[in-house]
Structure formats: C-alpha cells, structure tokens
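Both of the next two complexes hold subunit A, though its partner changes from subunit B to subunit C.
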Partner chain A sequence: MAINPKPNRSIGEVLQSLPRQWLYTILLIVSTVPLFIQVLIPNKPEDSSIDFYQNLMKIPDGSVVLLSSDWTNSTRGESRGEFDAIVKILMRKHIKFVVYSIADPQAPQVARDEMNYLNGLQIQAHLPTYQPWTDWVNGGYFPNGDGTANAMSISLRKAFGGKKDIAPNGQLEDIFLSPVLANVQTIQDVKALIDVTASATATTYVQKLGQKMMLLFAVTGVMGPEALPYYSSGQVSGVTIGIKGVYDLETMMQDGVNLPDATGKVAVSSNHVVGSIGNFPGMSNLGQGSQYYPALNASLAVFILAIVVGNIGMFMVKKEKSRTQ
Partner chain B sequence: MNYDLLKLAAGSLSTVGLYTILYRENKFYRYCEHIYIGIAVGYSMVAIWTETLHDLWWVRMTGTSGTPTTPGTNGVWAWMLLLPIGLLGYTVFSRKYNWMSRVPIGMIIGFSAGQTIQLWFNQYGPQIVDSMRPVLPTTNAFFVPDISKLSPADAVKVQSMVYGSQAINNLLFVITIVAVLCYFLFSFEMKSKALRGATTIGRWLLMVGFGAIFGSTVAMRFTLVIDRMYFVFIEFLKQGILHR
Partner chain C sequence: MIWHNFWTGPNNSFLLWLRIILAFVIPSALFYSIRSVSPFTRKIIVAAAFFFTGGVYVFYFLWPQPIHRQPLDIPRNLSESIGFMLSDSVPVAADVANIVGAFLLGLGVYSVFSIHVDKIRKGHRDSPFSIALIISVFLMLFFGYLNYYQTLKAPPGVNMTLPQNWHFAQYARDFLFNGVLQQMDAAMFSLIAFYILSAAYRAFRIRSIEATVLLATALILVLKVMGVVADPWSQLVHGLHFGNNQFGDNFTFLNISNFLQNSFQSSSIRAVDFGVGIGALAMALRLWLSIDKQTGT
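Up next is the complex of A and B:
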C-alpha cells in the first residue's frame, strides 16, 4: 500500500504505478459523498432526449402504449431512473400500458417491484395510485425476443394471447380482458413502444416493428452508441441514454422545453422544437438522475485526473530513457 | 425482525462481499459470487415456467376449466410435440446421439434465415438512405435559425433548407463514411496514395469512435458503482437503519 516503497524509483515510475487499492478507495469516496449533498447541476438536455420527451408528451391522454422493460437490478443504476421517469409521465398523462420483457425472465418481477415503489410515491404525494389490471397490466416474459416481436407485428392479439395477470377478483385472467387491452386489436391501436433496455432488444424492435409504430428507446450508456444511429436515421423517434438521459427527462419534466416561468425566464431551450413542451409543475419530478449526476461528474473528474497523471508519468519515463540513451 | 431491513442488509453485505475483489481474490468474494449465480439461475428457471411456459405452452396444451368471467378452453394435444423436439437439444451432451441436436438447431436457423434479408433491410436500409446527405448549402445563412418561435409552416420551410453549418456537418459525416469504408477494403492491394490516405483517416476516425464508445461505457460502469453506494449508504444505512 505504500506509495513509494523503492527509493530508487523515479517520479514518473511512481505516477505510473499508483496502488490500485488507493485509486479504488478514492473512487468509492468520490462516488459516495455527493450522494449526501443535494446539488443540482445545470443541465442542457440532448436533442435525442428532447425528442423522446416531446414524442412521449404528444401521445394523447388515455391512450395505450407498450412498455418493454428489458432491465434487471444489474443495470439498476441507469435503467431504474429511466423506468421511473417514463412511468411518472405515463401516470400523469393517464396513459395505460402493458409492461413485459423479451430480454430477461427476472425483468417482469423487477418491473412489478418498481411499480409498487412508484405507487408508494404517489401515496406519499396524496395522488391516486396506478392500479394493476385497470391502468397497467403485466404481460410477463417472452423467451424468444425475435419471434415475439415478429408475432407482434403480425398480430398483437396472437403474440400476447394466453398471457395472464392477476385480476381484481384475485384470479389469473387473460390480459386482453383488462381495461388496458380491451380495445386493442392490432399493433396500430397502440400509440408507441417504449423500450427500457440494457441489451440488444432495441435492434430487434427496429428490425421487426420499426416500420409499423413509433419506437422510443431508453438505453444504458453501453447501448447508447448502438441506438443513436437509429435515431439519426429517423428509425426511432427518441433516445435517452444512461443517467444523463434520466437527468434530461427529469429536467424537462420540471421545466418543460422553451417554456417561460413566472418571471419569463426559459430554463430549457431548444432551437429545433416548434413552440414549447409542457412540464409537470408542483410534482416530484426529480429522482435518480438528479441524485446520481453530481456523483458521476465527480467520479469522471477523478478518472480523467488519473489518466492525466498516468500519462504525465509515461512522458517523464520516456524523456528520462531518451536522456540516458 | 423487519423483513425489508433484512433484505436490505443481505443486499448490502453481498455488495460489500462482491467489491472485496478490488482488494484481492478471497473466499468471501467467492461465497457471494456463488450465491449470486445460484440465485440467478434458480430464479430464472422458475420465472421461465411461471412467466412463459405455463401460459404459452402448458395451459394451451391442457386447457382451462374456466372462471366466472372467462370461459374454459379445450387443450390442443399438438403442443405436446414441442417437448420432444426441444429435448433433442440436450442430446448434444451424448457422443452417440448428438446429431439429433441439429434438428431443433436447424429449425431455429431455418426460421431465422428466412427472415434475415427483410430484417437486414429494415435495420440498415433507412441508415443507408440517411447517409446520402447534401453537402452543399441551399441558403446563404450559416447557422440554422431558432424555430421555437416560428409557426409550424415556417418551421417546415426552415427544416427543408441546408444551412452552412449543416453542410459542414454533412460533409464530415460523408467523409467519415467513405474513409471508414476504405479502411475495410481488403480485396486488393492499396497502391493509390489517395486510397492509402483515406484508409489512414478511416483508421483514425474509427479510433475516435471507439474512444467515444469506451467513454460512454466507463460512465455507465461508474453509474453502477454509484448506485451500489446509494443502496448501501442511503437505502440501507440512512433510510433503513438511522431513520427507522
């Protein structure tokens, strides 16, 4: 653990071989301390996030959407915030949804737990809860993502046929008997497919359903570079990426886009949005994005510093070698 | 004992256990890792039955007796045929009978191959069309005007123009595509200086792209660490223990 155990080592060599345990300790401290300090970092949402929010807000109140929840606790750091922000918007616009997964058998239970958590927040805020079966229904897990998406494009009723969820009478009933899907016959009756994903399901949906309905993706930082070309080419109507994407959504839920406040000041402006997009004033819009974003910035600063220190060390060693030769 | 607190404590202990690998390989880490894998596999097996096979295969095969709100359904025996076909996949473990495992694999490959051409075009077709971008401006103005205060009709007019800044962006985009495609030309020897130059630019641009992807990946991994710290320090210690 000693930083300079050998007296004959040059500064350059020491800078290149800092003990990793020290670096990990510093990183853990830096990523933890900001969590205790509530700081709001100024934010300018990305265009892809603005389009995601804009298209979500354009969906008429009372419509039905599909929510493909393809994440589990392994990517909770990013996907949970995305799921929470999206479901909050759906709740506030009274949009009914079917939650299901084509990526992981654990995902439907994770989504159920998260819905319980979000309903708990509704109760705390003295707002009506989003009732299972009436306002949203769980379609469960589909093991063959490609086949399921293909079946959905041909017949949603056949693709989801036989899937059951718990009805208010406590019995397992066909999900098409629920108020959510009662009037849905084909995929065209569904206004959008929102995929909260940590895997390659985005590509599956682009291939199978991209021509038939509006797709909105909430992906992890790893999947972001893969999803952005779909947004750039117009195959996807909006993409929100990682914790920055979560913070973007929360910022827009708080301030809208091109929306002046009481003093006439516009907090979030975008020159490619015609008019303005509304917000949700007086509601608890901030969540995981605003909580984690300062810690992420601090961690990345440490990471960049470590790279700079390592490179300085490398140049010093190189210079020293060239001098001695 | 508060069940929720017990759950949080178990989660926090496992998190700490898994992070002890950062110090060095140890038995506590191995213990937590094996528990994690065991739970994940066990849970997935049960979930595949409850979330999928029960509704989509078993109920369709055996039928249902009906409820006051839903009429019963007859079972369809043909669903039974799927079981032996699926089980053939496990013959891969036998040297004598492993040829049988090719039957389900062949069916899956056959279904996929039939769709591939259409799917490939659905995925890449719009991207190929999008890569044909105008590199010459259609107006003298350099920057795209702010359309937030324009009427929808005027906004459409603005969006149909190519401004100077957009033309530069488009040119960079086209140069990148051409240079990267040149880098992947392996069919003949690169004798032309121009082609070699384009290949070098393509390699550099690929490196820039990989750097951006790596940066995004690193940011994600940090977020996962932050989330674990939030779980241990805020959800377990602060909200679970201190604010009970």
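Up next is the complex of A and C:
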C-alpha cells in the first residue's frame, strides 16, 4: 500500500496552521487549572465599577430596590458573580428588593436558586439569612419588557399588580402584601433599579425609566460596549462589566475606596470619589470574581499568544516567498 | 362618568362587572365575525386594530401626562382627562402584551412539539432525538407542575421553595432544571470561547493598516482587563513625570482604553444606535399605519 508522505512544510506554514485540537486542549487546561489555585491578582477597579459601588453604597439602609435578574446559567461565569456580589451588599445594608426578569422565563427560578445558595453561605458564616417574602420577593417574568418598563414608569403597583409569591404561611399572596413592597406606592419610593443582564435590557430601562430613578447595570463583557455610552452620558449611574467588573466589586467590598487600612495604606484609590467609600471588613467578600479572574488572565494570554504565533507564521511565509521569487 | 377611571372600577361594582363581561364578549364576537367577512373588510379591521393598539403608546408619548399623580387625583378638564386615561391605558396595554407574549411561548412549545411528533410518526432517522426531546418536555412539565402543586398545597407555614422543605418532586425538578438543563445551557455557551480562539488564531492577521489598528486597539482593551500585565505596567509608567505632573499615568492601559472607549467606541455605538432607532421608527410607522405590504394580505 502506498503511503503518501507529508509534504515538507516550512516553520512559517506550521505556525500558521496549528491543529485546532491543540489550541482547544491548551485553552481547556489554561482556563481550568487556575480555578483550583487561589491567587489574588492586583487590581485597579474601573471608574464605571467604582461609580456602581459608590452609588450602591449610598442607598440608605433599609430602602427598597428593584433587581432585574435577566440572566441564566449560560452566562453564569459573569452574571452569577455580579448577582452574588450585589446581593451580598444588599444583604449587608439590609436593603429589601424585588427580583424579576424581563428577558428570560428561566431567570426568576435561577435567581431563586441563587438566593438559596447565598443564604446557605450566610448560614455557614453564622449570619442571619435573607428571608423570602420578608426581605425579598420574586416578581416573576414579564414577557413584554418594553411595555412593562413603560407601565412601571407610570404605576409600579399596576405594572406589578397581580404578581404573587410564597408567603411565610406557605400560600401564594400578592407581593404588595409583603413587607418589601407594603410601603411602595410609586416608582419614586424605590431607590434604584439594578439590572444584572446578559441581554439588551439596559436600553429598555434607559428609555423608559432613565429619568425616573437611579439605574445601575451589571452586564456581561459582550454587552459592555452597549451599556457604556449610557454611563458616559450620565444616564446610568454605574456599570460593572464581566468578570473584571465582579472582581472590581469584590476588591472594593474588601478594601473600600480611598480607605486607609491599619497601616495607613490605601489599597484602592480613585480621584473619582470625594472622600472615601466603606468596605465590609471581616466578611467573606471574595467570591467568583477572585476565583475566575486568574483563569480569565491566563485564557486571554493564550488568545494573544495564538494571534502572535499566527502572525509570526504569516511573516515567515511572506519572507520565504519574497526570497524565492 | 369618570374619564380617568375607564379601565378600572370599584370592586364588585356593576360597572366593573359590565366592563369585564363586555371585554370578553366583544373581542370573542369580533374574533368569530372576522372569519366570515371579505378579505378587504378583514384588512380594514386588522388595520384598525393595529392603529388603536399602537396608538395607545403613540398618544401617550405625545399627549401631556400628569406629573407625580397621586391615586386620588381627579382631572380638572378634558385635556387632563385624556392624559389620565392614556396613562391608565398603558399598564393595561402592558398586561395585554405580557399575556400575548405568554401565548407566544405556548405557541413555540406547540410548534416544537408538532415538528418532533411528526418526525417520530414518519420514522425520520433523527427520530430518537425527537423522542428524547418529547420525553424531556414531559418530564420537566410533570415535575414542574407537581412541584407547583405541592408548593400551593403545602401545610401552613411551610415554604416549599426553601431547600430544607424539599421532597422528591422538588429534588427531581431541581435535578432536571439545574442539574441538566442549566448545565447544558452553560456548556453550550462556553463552547464559544473555543471557537473564538480558533477563529482569532486563523483570521486575526496584520495584512493591512486597518487590521493593524484594529489589532492594536483590541490588544490594549484586552491588556486592560489582564491585571497581571496592567498593574505592573501602571507602576512602571507611574514613575514617568515632569515635576508634579504625573505625565506617565496617561499611558496606563486603563487610561488609554478609557480614552479609546469614550472617544471612539461610544460615539460609534451611538451613531449605530441612532441609525437603528430611525430605522425602527420608520418600521413602526409602516406597521402602525398599515402601509406595510404584508399587512392584511
């Protein structure tokens, strides 16, 4: 049987056509191994994240906010970390919230499961849990996001009218009977709308509610460029983007902003903030952001390396061709 | 007649019941009668329906609206009455749209179901996958509704959404939803990273000036996210200064990428958004006024 020998390929050609299985294997290893190694990478939070944290911390303790949870597990790498960090802050400031979705029918159940997970962490840390119905309620899913946001701007009671959640007696009750919404009459009684989103819901909220209340967006890396113009125009009070945004939040929860430690050293400084913003000392502030950030760094390094290798190969081939001609 | 209260009425009042009955009878009669009319009349009816439903939002946007309206406020003249009625109409329109949206979900399930049942019936070579899909749908439906039923029928004081109160149905639902569906969802999405790497390696080549600019910009934005590179670099350039002027700070990856994003990226996206917005407005007008070719045909 005749064997076709592989043609002799130059180094440039080899560098340009590495088997994709190699690339996949390298990426798999590089993105997985750092998840099991706890390394704290130095971090300088972005201005948009600092504003997000600053405005979240300014909300008076005991207030009510809306938490639009527009993500499912397809983007949990980013959105789950954002949701966890935000809810931890809300829990610690005793801010009550309504969680609902205008993007995905699965999202309210994902949020409910995540609240159970976060309450489990509270129990492990011997801290009080955040009780459904008393501290937060589930507003469910609204298939028509635009219309709902429009209705919310007119009357929150009418927009959320008829929505029910499980009360402590185990029965479904109107969410406006819960301690969370009992004193809420209009949208002005709600201090902020926080949107954890992997969809284009940010635009909907800016259009319909931007002039009525403070908006804070926690978006995926892909949606970041779409949300940033609203931040730079001042229509949104803060934006946190992707895993870097989660790590920014966790860093600020750990170190505050412009806040000197016992030795007088300031870990996170920003001329964007007048004075300082507090932190949560002695609490488990680090979570998914610090866990995933090394993997993100390593994966991006592989991307850069792959592009560099491909381009070196291209130049080598070009050089060889020009030499032979 | 109170104009601003058109959509609502006192609980259990004759007026409210009359409206509820009319709201059921009139659309039902309209729905059945539309089937027996000529195509031209049908086209008129559909166009009128489009105009009135879309008109709620158009007139709400154009007509002066009550500011900081309180629940007991009463309009003082016709203009305010119309403003009150329109602002009362929008939540109702949102409710109708949400209900229609929910029906669309049902329609999607019906569509998937009919396609795969048909495949099974015809013995298509992919029918095992269709069988797996149908079984999955039924399993999810069964345990989903069993969980819902048990939640409603739970003993007083027992919240079945909390894991400590779960029984078999709740664990089964959790396994199907979180253990299977959500994990597959995440796995599918994570595959994108591998395709992006492969595509970037093969396609991202410095073949022209435009490609070089694009690559350099992307590199800066990526390096900004990489703390292992961005932080040492920041410390390095921080040392560059003229007197008290921290000149070097302009060259941190964070500041360069902020400049790129605020100056070029945001303005470009705004331009795209304006274009999309004007296009959407044109399309909305065509639909609203039924001058689109597909309407009623």
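Everything below uses one rule, namely that the second predicted complex is superposed on the first by the 318 of 325 C-alpha atoms of A that agree within 3 Å, B and C clash if a C-alpha of one lies under 4 Å from a C-alpha of the other, contacts with A are read in each partner's own complex, and residues count from 1 in each chain.
Here is the rule we use: a contact is a pair of C-beta atoms (placed from the backbone, for glycine too) under 8 Å apart; a residue touches a chain by one contact, two chains touch by 3 or more.
Since we're looking at a predicted model, the values are computed, not measured.
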Review point. Which holds for A:S299: it touches subunit B only (first), subunit C only (second), both, or neither?
Key: both
- Message: With both complexes superposed on chain A, which partner does A:G264 reach: first (subunit B), second (subunit C), both or neither?
- Response: neither
- Query: Of the two partner chains, subunit B (first) and subunit C (second), which one does A:G282 touch, if any: first, second, both, or neither?
  - Reply: neither
One more residue to check, A:Q109. First (subunit B), second (subunit C), both or neither? both
- prompt: Touching A:P60 in the superposition: subunit B (first), subunit C (second), both, neither?
  reply: neither
Would you sort A:Q171 into first (subunit B), second (subunit C), both or neither based on which partner it touches? both
- Message: By the touch definition at the top of the document, which applies to A:V274: first (subunit B), second (subunit C), both, or neither?
- Response: first
Subunit A positions within both the subunit B interface and the subunit C interface are 20, 24, 27-28, 31, 74-77, 105-106, 109, 142-143, 147, 150, 169, 171, 203, 225, 229, 232, 242, 244, 296, 299-300, 303
Interface with subunit A, subunit C side, in the complex: residues 57, 60, 68, 71, 87, 90-91, 93-95, 97-98, 100-102, 104-105, 151-152, 154-163, 174, 177-178, 181-183, 185-186, 188-190, 193-194, 196-198, 200-202, 204-207, 215, 219, 222, 225-231, 234, 252, 254, 258, 261-262, 265-266, 269-270, 273
In their shared complex, subunit B is touched by residues of subunit A numbered 20-21, 24, 27-28, 31-32, 35-36, 74-78, 80, 104-106, 108-109, 140-143, 146-147, 150, 162-164, 167, 169, 171, 173-174, 177, 203, 206-208, 210-211, 220-222, 224-225, 229-230, 232-235, 241-244, 258, 269-276, 291-292, 295-296, 299-300, 303
Within the complex, subunit A is touched by subunit B residues 22-23, 40, 43-44, 47-48, 51-52, 55-56, 59-60, 67-70, 111-112, 115, 119, 122-123, 126-127, 129-130, 144-148, 150, 152, 155, 209, 212-213, 216-220, 222-230, 233-234
Residue set of subunit A touching subunit C in the complex reads 18, 20, 23-24, 27-28, 31, 41-44, 46-47, 72-77, 105-106, 109-110, 112-113, 116, 120, 132-133, 142-144, 147-148, 150-151, 154-155, 158-159, 161, 166, 168-172, 185-186, 188, 203, 225-226, 228-229, 232, 242, 244, 247, 293, 296-297, 299-304, 306-307, 309-311, 314
